[in-house]
Amino acid sequence: MIKRGFASDNNAGVHPDIMKEFLAVNEGHVVGYGADPYTEQAREVFREQLGPDTEVFFVFTGTAANVLGITGVTRSWNSLIAAETAHLQQDECGAPEKFTGCKVLTSETPDGKITPALIARHMHGFGFEHHPQPGVISITQASEMGTVYTVEEIRTMAGYAHSHGMYLHMDGARLANAAVSLNLPFRSFTTDAGVDVLSFGGTKNGMMMGEAICFLKPGLSEGFKYIRKQGMQLASKMRYISAQFLAYFRNDLWILCASHANAMASMLEDKLKGISGITITQPVQSNGVFVIMPDVVAEKMMKHYFFYSWNEFTSEYRLMTSWDTTEEDIERFTFLLKQEMAAASL
Amino acid sequence: MIKRGFASDNNAGVHPDIMKEFLAVNEGHVVGYGADPYTEQAREVFREQLGPDTEVFFVFTGTAANVLGITGVTRSWNSLIAAETAHLQQDECGAPEKFTGCKVLTSETPDGKITPALIARHMHGFGFEHHPQPGVISITQASEMGTVYTVEEIRTMAGYAHSHGMYLHMDGARLANAAVSLNLPFRSFTTDAGVDVLSFGGTKNGMMMGEAICFLKPGLSEGFKYIRKQGMQLASKMRYISAQFLAYFRNDLWILCASHANAMASMLEDKLKGISGITITQPVQSNGVFVIMPDVVAEKMMKHYFFYSWNEFTSEYRLMTSWDTTEEDIERFTFLLKQEMAAASL
Amino acid sequence: MIKRGFASDNNAGVHPDIMKEFLAVNEGHVVGYGADPYTEQAREVFREQLGPDTEVFFVFTGTAANVLGITGVTRSWNSLIAAETAHLQQDECGAPEKFTGCKVLTSETPDGKITPALIARHMHGFGFEHHPQPGVISITQASEMGTVYTVEEIRTMAGYAHSHGMYLHMDGARLANAAVSLNLPFRSFTTDAGVDVLSFGGTKNGMMMGEAICFLKPGLSEGFKYIRKQGMQLASKMRYISAQFLAYFRNDLWILCASHANAMASMLEDKLKGISGITITQPVQSNGVFVIMPDVVAEKMMKHYFFYSWNEFTSEYRLMTSWDTTEEDIERFTFLLKQEMAAASL
Amino acid sequence: MIKRGFASDNNAGVHPDIMKEFLAVNEGHVVGYGADPYTEQAREVFREQLGPDTEVFFVFTGTAANVLGITGVTRSWNSLIAAETAHLQQDECGAPEKFTGCKVLTSETPDGKITPALIARHMHGFGFEHHPQPGVISITQASEMGTVYTVEEIRTMAGYAHSHGMYLHMDGARLANAAVSLNLPFRSFTTDAGVDVLSFGGTKNGMMMGEAICFLKPGLSEGFKYIRKQGMQLASKMRYISAQFLAYFRNDLWILCASHANAMASMLEDKLKGISGITITQPVQSNGVFVIMPDVVAEKMMKHYFFYSWNEFTSEYRLMTSWDTTEEDIERFTFLLKQEMAAASL
């Protein structure tokens, strides 16, 4: 039996429309490493979505998208400033430090989002050779806690970064979920809000694998093709990444997938609210629901559903929905949880 | 019009059996990052193919397979010794140096293969702190020039490495082509011949993307899971790499593909021999044919067929066949080349 | 006019006994890079001071001592845990990340010292490939805030580190000041308290330049000679670093210098306590005094005395004494400060 | 007994005038890390010697000078091109690769000097993302084999580098010996000949330790202060490096020392020519003499004099003279060698 669960949006499979696209581009020979017509089309689609100055480079993983994109706009003596919960701090096994050489400075946040006030303590030592030079502020949209930055919040962070001579990086592993949540086109809260470098994720929203590093302003991508290759992320059969993005944008497949995932999270939230003893810790703005439940209950639930502990010190757990989560999944999960909670409280 | 050509085996598409496998594993949720049943099956198949002590880690690219595998058995003060023509020297944009920190030392070779005699000049300075410590000898099977090491040659290199306290790494981006050429199972010229770390390639022989780093002796893979993650090569939806290898080994698909590619190279060689003024520079032992032709002719041919210059100083060109090369491709290419050569000699 | 000041103990010159030693070892030829009799003597002295298993390697700077020593006991996927105020976090321009590849995780502390409770939040994710593996806890003795760990506190940190399979590193840039403060031999609060790797500082206590990386347990220094050389810290004319340590330990010069510096800090503390409006923020346990004073006053004082702002957000300033600080220096400084404070309060 | 020898110019001690300078600058406090008047004076002297656009940064070792200087003008995807005998290839334990991330490409040379013809084979792949981008040509003056580039040869190399968009780096660990050999001021064969980045050595010519990284053209040193600090080479008590350079240039001490060393090499060459069976392999143009002698004789000589094997495959040995080599040293060495050669030939 293969368990269904709420562990991560990457536990879901590949959307059928993506699968079909593989077949559509599989015929014949095309030049490797991105000099093929599908990749050129995909690059064009990104320019349509994010603006005509967009330079896009496809890679395999979200970690690579973050690390290499940031490498493109830093030197090793810079520091990167992010939320303590940022993927690049918690979940990339030190890849940012290893590859960029930069120091990562973080601030605790209540909701996975950072503000100028929260990170101000890292904004010092400019020009002082003993101190790593603040180079990049990185925000995650939607955040690792499922919250979503407003356009105004992003603008503020961009202005704050730029006024210090820094760049604003956005980790958009779940960018589609944020776009749907904001009900806005990608461009409005990335390029137009002042973001410089963007990790545009596809894998978590129905693709097989495929992330796009987007430089949103002219000049930022100089030399980047060498960084990607040296970063071991240049696909030889590139057409199979590009094709996924073609399908992803065609007929707004990305909206279909992300809307569904967000709606399922919303339904899950509603159902959880009806269970006594469960605390929802974060506003549900995309496809993640964060809850506190007794560890003994969580252990029992994990026999049936795979999901992750978020904070072992506070008994907080993370429940993610995806493009293929069903209402039945949620009904069954919450039904069982209700039973277990009741049993635990006896 | 999409040109067919002889540029690289990675210009070919994905074999239909691989494509089918994607659909077969696409149902439902599985845990990400490799803790899924398909990946466990694929790991088991590798143990069957290469021996029970094999520890296998899947990555996306051949460059990553080489660089990370070598990272696993080195420290930054080591040196790597390889042929001047090695992929890791010529075609990885310095990724080995950037990621491992090691110095790469190379020797010129007549045929892409190294011998103890050819690399002896690098085998010094052991224990001398000023000098990078020779740590790994890397050979490519089949070599970048299409030649194939015999079992005995590999044994010799392994013995040479081990007697100096070094490891033998094999870049097997075209391992299947070598196996077919040798008419031997993989294990006989890898594990059993003394290879320590193997980059087992799939992409160039009909897969979409997928390379396997294989540690062939107990203890070598300690800590490697962190290296792969920090190396940005841990696939979240791992099942889609694993599944490709399942299909690859099932019904000997790999033999089918590699035999065909090798046979096409052999046919191409035969046809080229019949063209006056064309010099074949290397024995054709796998799926590559290296020829010297006039640059003006090459330029004309490149309008119809995509292929690469190998050595701009000597007018040497590389022609690669793949699992999907057809006899017609070869007939047409050689027919046209004959015409162009005749025209050029007027 | 060369200002005297309280900026740093490295603004002081070289003790005359160290100067004399240079002349004593300057005669004739000796083998370079440490294979000389003076270096062998110095290594022997370290074994006497820290225990017979001590392996010592001299380097030029405190940053190098920290970074290279830690490199010796980590792999790039490890994390380092330290106080937010640690030199390796604040003052090494990202050298730890650049050279080790490791992530640095910090905790805020009230006094520059960390405890198990303070760093517990970083002690998770063991064995989880997404998360950098906690590898080293680093403490600074005396701390960057002038406080000193007791033997018991160090033992506790060592036990905590070892129980998690980690190493305890001690940044001892001001180790002599701590020894004098504790009135204990070096060994009792380093080797015997469980420290694994020690940066033993000389520069800040009367030497010209010279730091010693001490591995305090067998086996830890394997391969380290290559790390030092690759780290660009192998002195060709090594005798001039070794000789400084010979003089440093002879006749307890280090005690003379550190006792004086500590006594001067104590005197400074006493005088500052008598000035209305000055707040001393830390217990004065070695040679640093931390005070809050109005920024306008600090600015005026800096025209006469060089010293550093410690925290621009809280108007905290750092005053360091050294082996050559005089009572007159302190009398004059506090006299002037008293005047400026009085003027500012009008 | 301390043996005198010909192992390296760094086996010699420190010139008395340098020693005196330490005392001269030892009084009182000065700001650390280079913001002191002695360092400013030393920087001014460098501008006088090398041109008004010179930006100079002091470091401790020759390896650091090479590695950090090159870091200043490269990105990790570049390659460095040098002679196979270059210090950065043979004697820095892989520090260039580890710190810069760049690939080092070398060419065999008859005399330690490279020419466009010798390195042409590495000058390809420009703009091709798979290949490290040639970024720096590094030459050593005087070379590791004791030979000296003429001004015209340097100009040629600079032109060759610049015409390919590359920089010319000069490893000047023995720059003074070259200047004396050429009988030219430093500037004429560095800045004025087109060199971009220079490692200006002091240690091998009578200093205690001290190398200067000189950027000879405007704009090249941008951000370099961070590279030096992150490279662990920022001296806290900088005045003691700066002061050495002040003494070094005052009254042409550098000429005195280097002239003497060169003259001694010349005398050694003359004496060796008179010994039957000894082959001098390189023109003696600075302070090194390279000879082939029977290994058995070399072993016997090494009991009395320390010197290094240069090439164990050809029985070539290196004999270096220094500022303190005496005529008596040479008389005795060659007298003994003559005896041993005679004994060996019986």
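A few remarks follow.
First chain written, first letter: the chains are A, B, C and D, and each begins at residue 1.
The rule is short, and it goes like this: contacts are C-beta pairs under 8 Å (C-beta built on N, C-alpha and C of every residue); 3 or more make two chains touch, one makes a residue touch a chain.
Worth saying up front: this structure is predicted, and the values here are computed from it rather than measured.
With respect to subunit C, maximal separation of chain centres occurs for B (centres as means of Cα atoms). The pair with more inter-chain C-beta contacts, choosing from C-D and A-C, is C-D. The distance from the centre of subunit A to the centre of subunit D, with each centre set as the mean of the Cα atoms, comes to 50 Å. Each chain gets one centre point, the mean of its Cα atoms, and the points for subunit C and subunit D are 33 Å apart. Once the centre of each chain is set as its mean CA position, subunit A and subunit C turn out to be 41 Å apart.
Multi-chain contact residues of subunit B (touching two or more other chains) are listed as 76-77, 92-94, 98, 101, 129-130, 132, 226, 229-230, 234.
Interface residues of subunit A facing subunit C in the complex, by the touch rule stated above, are 76-79, 89-94, 96-98, 101-104, 121, 124, 129-132, 312-313. Considering their complex, residues 33, 75-77, 101, 129-130, 132-133, 223, 225-230, 234 of subunit B touch subunit C.
Every residue of subunit C that touches subunit D in the complex is listed here, in rising order: 2-5, 7-8, 10-14, 19, 22-23, 25-32, 37, 60-64, 67-68, 92-95, 98-99, 203-204, 208-209, 226, 229-237, 240, 306, 324.
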